[in-house]
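Encoded as C-alpha cells, here's the structure I'll be asking about.
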C-alpha cells in the first residue's frame, strides 16, 4: 500500500474499526469542501481508520519572514489531518469541529514539500484526542519532523451540526 | 489613537518600554516579508510596545468544510500577532521564531472580518510568552472572541538568526 | 467583600449568571472531596459565578530540585481553580472533569504562599473554557504571576457522572 | 532489562547519545532533591538517554472529588518524567527548568499504581521538547494511558542556574 510504504512500515493493520464503512468517501467529500486546502495547494493523500495524511508542496507565497513555511499553514494541514483522522471513526451523518490544539515547532519548516500525519490517540463518542506531526521532505526524499501537535475534536451528531 | 478607540479604551499607556525606538518600523518590515499574510489578505493595523493587531477580511477561499474561517488561518494571524507583539520588545538586529502555541476555539469563526490581538504576557531576553485572541467582527461591528491562544517565542540574537 | 479587596478591585460585578443559586455551596462541597487539596494544604478562598480562587502556603515538602514549588503542584491548584470557576456555572446535579490544559511557567514559583485564580472564558452546556493564573505572594504581600494556563472542562449531566 | 520488559519491548536501543556519561546518577541525584516526589510517594524507576519513567502507587489522599488521582498529581509525575528524560541528555553542570506543557486527560486516572513515561522528541542545546504519557496500572497489570502531554524545557548552563 502506498501509504504504508511511504511511512516506512511494511504492514500497517489499523487498530481501529470504523463505524461507517464509507468513512473514506465521507472524509474525502468533507476535505473537498475545505476550500482553504485548495487555496494553499494541499492534497489528501491517505485516509485509513483513525489515520489521515495531507501533503502540501512548498510555495513561496505561504512563507513567514525567513522564507520558511508559516507555522499557521503547517498547523492548518496538521489540524486538518488530525481532524480527519478523528472524523474517519465517527458515524455517518456527524460533523467534526476542532475544540483546541497545541503545537511545538521542532525545526524551521524548510523543504520541497510537507506532509501532515494525523493519528487518533483516543476515540470517543463525543470527544476524540488526536496527535499530528508535520514532516518536511527535501529533494532527496529525506524527512524531518518540523511540528508536532495534540488536538481535541468534537463530534456533532446529525441533529446539531451540518454534515461533514 | 485609532487602536485605542478600536479596542474601546480611551487611553492605553503601554506597560512596556521598547529597547529599540524604531520597533514599529522593524515589525512592519518583518510583517511585509511574511508573504503568507499578503496571500491571505491580512494587514498589520496596530503596533505598540508588546501589542500587535492584524486584520483579515473574510474570504470564502480560506474556509473549512462548514464555511467558517479555517482554524489554521485564524491561528496564522493569531500566531503572527503574538509573535510581533513579542518582537516589538526585542533589540534591533534580533530575529523572532515561534517555539510553541496552544489555541482554544471558542466559537465558529463566522464574520465579515477578523482581528487578531497579540499581547506580551512576560517578556524575556531569550523566551517571551504572549497571549492572542482572534475576534470575529460582523457587519454591524459586533465583536466576538472566536479563538484564544498562549504562545512562546524565542529571540535569536543577530549572530544566530537572520534579522526579522 | 474580601475577594474584591484582595484582588485590588473596589467592585466586582460578575458577568455570569449562575444556573444554580446554591452554586457556592456545591463548589465548596466538591472541593472538600478533593482530598489532595487537604494533603497539600490548599484552601478555597473565593467562589463567585465563573470565578474561583485557591490559596496554598509554601511548604518545603512540595518543592522541585531548586526549592521552588513544583510545577505539578502549581498546576494542581490552577487546574482546580479553573475547574471550579467552570463548575460554578453548571446546573445542580452535574459533575465536572478536566479535558485538557496547557500552562506556561513564567517565573520560578518562589513565595510565602501562592494563589490560583480561575476564570471562565467561555461557558458552554457541555464544554467550558477557563483560564487560570497562579501568583506567588511574598512576605510583603507583593504578587507575581508565575504560571498561566488555558483549560477545557466537560460538564457531565446527572445521568452520566457522579455528582460533583 | 527491567524497563525494556516492562514496556513490552524485547530490546530497546536508545537513539540518543548522552553528553555526560554519568547522566543517570545526575538525574537520580536531582530527582532525590524534588521533595514533592517523596511527599506523594513517587519513585524514579527507569533512566536511559532521553527516556525516564516514574512510578506512583495509588493513594486516597491524592485524589480529586470522584476518587481518581488528581490531574495535577498525574501531571506532576508526567512533567518530572519528561523533564528528566530531557535532563539526561544535557551536559554535566547544567540545570533544567520546565518552560511549558500541555496535557490531554484521556481517561479517569483509576488504578493501583501509575507510571509516567517521558521521552525526548527533539533535543536542543537550549530548548528540548519532550512527550510524556501517564499510564494507570490495575491489579492484574493491565495498562491504560490516562494522560498524554507535550512539554518544552530549558537547559540552564552552569553559570546561570543551580546545578540539577
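By letter and in written order, the chains are A, B, C and D; residue numbering begins at 1 in each of them.
FYI, a contact is a pair of C-beta atoms (placed from the backbone, for glycine too) under 8 Å apart; a residue touches a chain by one contact, two chains touch by 3 or more.
Since the model is a prediction, treat every value here as computed from it, not as a measurement.
Student: Comparing centres built from CA atoms, which chain ends up most distant from chain A?
Tutor: Relative to chain A, the chain with the farthest C-alpha centre is C.
Student: Which of the two pairs, B-C or C-D, is linked by more C-beta contacts?
Tutor: If we tally the contacting C-beta pairs, C-D comes out ahead.
Student: Mind checking the centre-to-centre distance between chain B and chain C? Centres are C-alpha means, answer in whole Å.
Tutor: So the centre of chain B lies 29 Å away from the centre of chain C.
Student: For chain A versus chain C, what separation do you get between their C-alpha means, in angstrom?
Tutor: Chain centroid spacing, chain A to chain C, equals 34 Å.
Student: Compute the distance, rounded to whole Å, between the mean C-alpha positions of chain C and chain D.
Tutor: Measuring from centre to centre gives 25 Å for this pair.
Student: Mind pulling the residue numbers of chain A that touch at least two other chains?
Tutor: In chain A, the residues touching two or more other chains are 99-100, 102, 104, 129, 150, 152.
Student: Would you tell me which residues of chain B are touching chain A in their complex?
Tutor: Residues of chain B touching chain A: 30-31, 33-36, 38-39, 60-66, 70-73, 75-80, 95, 97-105, 108, 161-162, 164.
Student: What does chain C use to touch chain B in their complex?
Tutor: The contact residues of chain C facing chain B are 102, 104, 106-107, 121-122, 129, 131, 145, 148-150, 152.
Student: Chain D touches which residues of chain B in the complex?
Tutor: For chain B paired with chain D, touching residues are 99-100, 102, 126-127, 129, 150, 152, 154.
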